[in-house]
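Note that chain A is present in both complexes that follow, paired respectively with chain B and with chain C.
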Partner chain A sequence: MPPADAPLLLEVKGLKVGYPVQRRMVTPIDGLDLTIREREVVGLLGDAGSGKSTAALAMLGLVRPPGRILAGEVRFLGQDLLKLSPEGLRALRGKDLALIVQNPRGALHPMLPVGRQISNAYRAHGAASSKEGWQRAIDLLRNVGINDPERRVHSYAHELSGGMAQRALISMALSSTPRLLIADEPTSGLDVTIQAQFLDEMAATVRGTGSAILLVTQDLGIIANYCDRVVVLHEGRIVESAATREFFIKPQHAYSRQVLSLVRAPATPAKFAADIAPLIEVRDLVKHFSIKGRDKKVQAVDGVSFAIRPGESLGLVGESGSGKTTVGRCLLRLVEPTSGDIRYRGQSIASIKPAELRRFRSKLQIVFQDPYDALNPRYTMEDVIREPLDLHTDLDAIGKRRRIGELLDLVGLDPKRMGEKPRGLGAGALQRLNIARALATGPEFIVLDEPTSVLSPLARVGFIELLARLKKDLGLAYLFISHDLTTVQHVCDRVAVMYLGQIVEVGTTEQVFKRPAHPYAQALLGAHLTADPMHRRVDRPPVNALAGEIPSPIDLPPGCYLASRCRHVTEACRVTPQTLAMHAEGRPVRCMRVLAGEVPIGGSP
Partner chain B sequence: MLLRTILRRLAVGVVQLLGLTVAVFFLIRLMPADPVSRFVGINPSKAAYAQAAKAIGVDRPISTQLLHYLGLAPSQGKGLLQGNLGTSWVSNAPVLKDIATALPVTLELITMAFIIALIIAVPIGMLAALRPGGKTDKAVFVYGLFAGSQPEFWWALLFVFVFYFKLGIAPPPLGLINPMNSPPPPRTGFYTIDSLLAGDLTTFFDLLHHLMLPVATLVFILSGPIIKMVRQNMEQALTADFVLYARAAGMPGSTVARYALRAAMAPSMTLIGILYGFMLGGAVLVESVFSLPGIGQYAVRSILAFDYPAIQGVVLVITAISLVVYLLLDLLHAIIDPRLAQE
Partner chain C sequence: MSESLAVADHIEPAGADWLFRIGGAIVALVLFLAAFGPTLAPYNPTLTTPEVSSPPPALADLPRLILTAIVSKNTAPVHWFGTDASGLDIFSRVISAPRIDLTIALVANGLSLLLGISIGLLCGYFRNLGTEIIMRVSDVLQSFPVFISAMILVALGGRSIGNIVIALAALYTPIYIRLTRAEVMGQKVRGYVEAARAIGNGEAMIAIKHVLPNSLTPALIQSSVTVGFAILLTAGLSFVGAGVQPPTPEWGLMISTGANQIVLGEWWPSVFPGIAISITVFGFAVLGNALERRYAAG
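Right after this comes the complex of A and B.
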């Protein structure tokens, strides 16, 4: 952290950005004041619609068309950017003031090779030949750890993974050793391990070069682990500015207090007697997808077994490609499993006759990731909930209306607004509506498939609270599929960790989060950014990181699936297929070395 | 990979052409017209009528006529498959030869018009999008009001009135070359190319002089939709993340504009192709005003005369050219946009 009297680098005063909407000006940024000192890492926290991204761009004097900067000053190194000539501004951008954005692949031109773009950016700030620029692109890509940069410079944006594209952008942004790096949600959409790796690299590079960072984010974990100071943006203004630790201990503004409420009041998991009959039981679930035109198969799910008791919530975590989503779909027979047994209250789902399928469906529901996709845009809220009522109940019209009102009330939506179309609602309210629809049939079990991934922090807090309340009041059981570990920690009683279609570890939430045993679980949880500013990740070098990339689910390794990336790998691991067996601490783990006590467990704070 | 796509497209094109040929074959025979009566006048004798019908071959059963046309009945003579489009009933010349004379005139005309229109309209559309509300943008708006409000022959006549009659800059609207001049020795059929090949610059400049007004009319008409399309696609490209990012990286204005244009041109390709295909037949009004013996004129003449083989030939050739143009533009599109090439 820089000393409090370090010289000012950026000073924003009374910034106002307007967009013409139907002949009126709306002002998403309305009187923003902000300062950043040299070498300081400032987190800009704000909800969806708070104007974070608009603010980040405006710091470079940029506005997305057709918007305009209406008033204010953006003083950078003493000069007001908004009064600078276009050429003067251009010379600063990309040199002293660099930007990385949310959607790295979108920030790259889809029709030009990345090398050409990096070279163009380089040549924008100094006379270099096209050949020198090209060479520079290769060097930069090599510096950020991209394999085979000579080949990669010829790739197009769509041929890069999100993580790789983001690394290419950061190589570009940092190549000029900018005084200030503005990073607008640079890791949204990346898997946790890649996110942590990326943020670590960014923090390390910036420390080396002495740049300052404005890190725009919605993620408290990122703030807690990487930022010196937090500023909170709300309705276009900064409503709070505090050192990170103070912010977590004593948030001032109502918005800050709300988003922090979960961090400050951790959930208490329910306890279950061991002998309760399971509600859902899955045994050796396997799902293959065949690839068109080839005789190979994708092993999406590879022998998964677990049980969920009534009123229990099981978290299924893992990164993209782990098969967790497919498991959820198999459970409701939205996709047909290749093999394996799924039982609901002891009855095999595969044996359910079409006539009974409807009753079965009414007891098992699913809520999807994208609340917009799942709703028919022409339906009113009332129509949305009436649909399942028509199908699964024989209530009369008045009864249905009353039930719709009750359900809306239950999920915290105003029943008086049932005649409105949900289009204007935010993602949080839409997701509540989806829950209300799922509840209409009186289910016992809901599969929640990444339900929080599009929610803003505030909506997420409310949504998590809703899930906890419904679980307690209605005795619902959940299968909670998510890569959002913070939410999982708050909602789930037990957690299963998946890697490449297999469960590698199952335990209570506390066990898995506090003492992950399997090397993959250790890496995953180690990359989880806990919103705890007392144990900052930047202060302790991470140890459990995995090497390399996830193998293709088409050509799986013969032995342990993690062998190519595991720090504890031995020759035996590479040839011995691993099985899930009971660990001494009383939970199943799929690693012979952990089971034999040869690998230290834990490692996450 | 690329070659396979091209071959597949060509194969599909051939099937399309065959289907279209058969469809047109029946459609023209559904026209409420009797081609024979055009040859024998009013109230012919039965024998004269029968003889005329025999001469043009419509006395045979329809299936025989079709097979003959397609070239599947060797006893009847050569047909489509042997590269024979039949003989025009009006000019008595092979249809292929008629088309070979008329088509280059139109191709010359509209290709020139397209090239000039693109050279003028693309930068204008770009500028209008780069500076909304600026001078160019306003001028485009006014032009749009004018150009779109009148049909092209009206503009053609107006141009003739102003530039030939009033100002005397342009030649009279009476064809491609000065009647005093003789056409260049035919090699490709394209007068401009042939005159250059013959080294006859006088004729070449005379041709350009005669093409000046018709090309100008088409440019005037074509620029409207092209400007509008480029402007729209540009506007969209300018709000794209990669353009914003290029700005944030401090790239010069010219580079930013190039980034946006590249993204804007890709979707414009398709429309340009469609416009070109449409103009092949759609230039007929301009051809008429300037008495250019192009394919449009030939098509109209054939339809009015119920000249079945000629109609068939024109439809076939125009469609074939359109298909080739689409294919070329799609290939160009794939070169510009690597995401398409991958598929």
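Right after this comes the complex of A and C.
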């Protein structure tokens, strides 16, 4: 952290940005004041629609058309950026001022190799030869942790994974050692392990170059772990500015307090007697997808077994591509499982006919990731909820209307608005509507497939509270599929960790979060950014990190699937297929070295 | 001192509304003439008058003639567009023709729309060998030159309005099949379809209740363009003698009959119906275009 009297780098005063909407000027940014000192890492926190991205761009003198900067000044190194000539601005941008945007692959030129792009950015501000630029590109890629940079400089954008593309972008942004780096949600859409890796590298690189960072984000974990100071943007203004620790201890503004309420009061998991008959039982579930034109198969789900008791919520976590979404779909037979058994209250539903299956639909429900896509765009809120009532109940028109009203009320939506189309609602309200539809027929079990991933922090807090309330009041059981570990921690009683189609560890939420046993679970939880500014990730070297990339689910290794990335790997691991067996602590783990007690069980804070 | 950043995705297409109005006005006029054209016509469009091959009035005389036509009701109506070689009043025929042309076009289009959307939904939602065969058959139909196939169909079936309608409908159905099928294939992987399945709908129910209403837009937009081209094709068939029987007032037929006189310097029997066709087809095409810009994206 820089000293409090470090010289000012950026000073924004009274910034106002306007967009003409139907002949009126709407001002998403109205009177924004902000300062950044040299070498400082400032987190800009705000909800969806608070104007974070607009603010970040406006500080560079940029506005998306047809918007305009209406007033204010942006002092950077003593000059007002908004009064500079286009040439003057261009000299600063990319040299002293750099920007990283949200969608890394979209920001790379699709038809130039990344090396050329980095070299161009470097040469735009210094008189370097093309050969020097190329060499610099290789060095920069190596600095941001890309393996084999001599080969990667020749890659095109589509050949890079999201994480790698983002690293290429940051190396471009850092090519001229800028004084200030503005990063607009640089890790949204990346998996937790990649996110942590990327942010670690960004923090380390920036510490080396002495740049300051303005990190725009919705994620409290990122703020707590990487930022020195937090500024909160709400309705176009900065409503709070505090050192990170103070912010987490004593948030001042109502918005901050609401967002932090989850962090401050973790849920208490329910206790279950061991002899309760399971509500849902899955045994050796397998799903292969065949690839067209080749006789190879993608093993999306590879022998998954678990049980969920009535009223229990099981979290299913893992990176993208681990098969967790396919498990949820197979469970309701929205995707036909290749083999395995699924039992609901002891009755097998894995191979019954579709017509018979429809009877179970009222008891087993699902809520999807994208709340907008899951709703027929032509349906009003009333139509959406009426459909399951039409299919599964004998209520008359008045009875249905009453039930629709009750359901909307239950999920916290205004029943008076039931005639409206969902188009104008925010993601949080849409997801509540999806829950209401799922609840319409009185289910006992709901698959929640990443239900919070597109929600803003505030909507997420409300939604998690709703899930907890429904679970308590209606005795619902959940299969909660998510890569958002904070949410899992608050909703789930037990957690299963998936890697490449297999469950590698199952345990109570406390066990898995406090003492992850499997090396993959250790890595995943180690990458989890806890919103706790007392144990900042930047202050301690990352442990348990995985090396390399996730293997392709088409050509899986013969032994342990994690062998190529694991720190504890032995020759035996590479050839022995691993089985899920009971660990001494009383929970199943899929790793022979952990089971033999040869690998220390993780103690993440 | 702001500067444009990304692609200008928020700028309204400025010309769209203007085009929409022009297209809409032309289509409204054609529809109006289809309804009232024969009633408003000063002469019976199928009865000859004594004046044979009389030219339209000179431009300089127009103001005087319009004035007399408004003031006095007793004099014989002016032949605004002249008369043809048989003495038929061209103006009356031009404004009476929409009833025939538009009826053929609308009925043919309606039939092919109905057929195309149903088959398109079937082939897009259920992908199997049967629906693949249907698609290949429709591809073969579509690969014939439109005009030639229509001529053959009418030649086989005889020159009647019914046969022309059937010929046109058969020609336009594959277009609607393709459009609807493509849209259905895009819609059926959307989340709301899976959600409908999850709450217990059967597949046929999902296809009709959820996918179909969300897949109609491209076909409906296309139908405006198709009506315009159906009018053009009807006229074309009449022109080559495979269309309606003379002396039915029909634009293509009028151009065809008038074509013999063009060498004698009598341009008016062909030019006026030609202009009418151009404006009509233009109107429908522009309306279709404007509709597409307005609704296809959203």
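Throughout what follows, the second predicted complex is superposed on the first by the 568 of 605 C-alpha atoms of A that agree within 3 Å, B and C clash if a C-alpha of one lies under 4 Å from a C-alpha of the other, contacts with A are read in each partner's own complex, and residues count from 1 in each chain.
Definition applied: a contact is a pair of C-beta atoms (placed from the backbone, for glycine too) under 8 Å apart; a residue touches a chain by one contact, two chains touch by 3 or more.
In this text, all values refer to a predicted model and were calculated from it rather than measured experimentally.
K.L.:
Looking at A:Ala124, would you say it contacts chain B, chain C, both, or neither? Reply first, second, both or neither.
P.N.:
first
K.L.:
Could you look at A:His158 and tell me whether it touches chain B, chain C, both or neither (first, second, both, neither)?
P.N.:
A:His158 contacts chain B only, not chain C.
K.L.:
Just chain B (first), just chain C (second), both, or neither: which does A:Leu99 touch?
P.N.:
first
K.L.:
For A:Ser53, using the defined touch cut-off, is the partner it touches chain B, chain C, both, or neither? Pick first, second, both or neither.
P.N.:
Neither chain B nor chain C is touched by A:Ser53.
K.L.:
May I ask you to decide whether A:Met111 touches chain B, chain C, both, or neither, giving the answer as first, second, both or neither?
P.N.:
A:Met111 contacts chain B only, not chain C.
K.L.:
Mind telling me which of the two, chain B or chain C, contacts the most residues of chain A?
P.N.:
C
K.L.:
With the two complexes superposed on chain A, say which partner A:Pro86 touches: chain B (first), chain C (second), both, or neither.
P.N.:
both
K.L.:
Who does A:Thr570 touch here: chain B (first), chain C (second), both, or neither?
P.N.:
Neither: A:Thr570 stays clear of chain B and chain C.
K.L.:
Determine, under the contact definition given at the top, whether A:Thr338 touches first (chain B), second (chain C), both, or neither.
P.N.:
In the superposition, A:Thr338 touches no partner, neither chain B nor chain C.
K.L.:
Check the residue A:Pro66 against both partner chains and state whether it touches chain B (first), chain C (second), both, or neither.
P.N.:
Touch partners of A:Pro66: chain B and chain C.
K.L.:
Is there a shared patch on chain A that both chain B and chain C touch, and which residues make it up?
P.N.:
In the superposed arrangement, which is not itself an observed complex, chain A uses residues 57, 62, 64-66, 86 for both chain B and chain C.
K.L.:
How about chain C: which of its residues touch chain A in the complex?
P.N.:
Residue list for chain C touching chain A: 1-6, 8, 10-11, 190-192, 194-202, 210, 213-214.
K.L.:
Touching residues of chain B toward chain A in the complex: what are they?
P.N.:
Of all residues in chain B, those touching chain A are 132, 235, 238-242, 244-253, 255, 259, 262-263, 266, 336-339, 342.
K.L.:
How about chain A: which of its residues touch chain C in the complex?
P.N.:
Residues of chain A touching chain C: 19, 57, 61-69, 82-84, 86, 89, 332, 334, 354-355, 358, 361-362, 365-366, 368-370, 373-378, 387-388, 391-392, 434, 437-438, 440-441.
K.L.:
Would you mind writing out the residues of chain A in touch with chain B in their complex?
P.N.:
It is residues 57, 60, 62, 64-66, 86, 90-95, 98-99, 101, 103, 106-112, 117, 120-121, 124-125, 156, 158, 172-173 of chain A that touch chain B.
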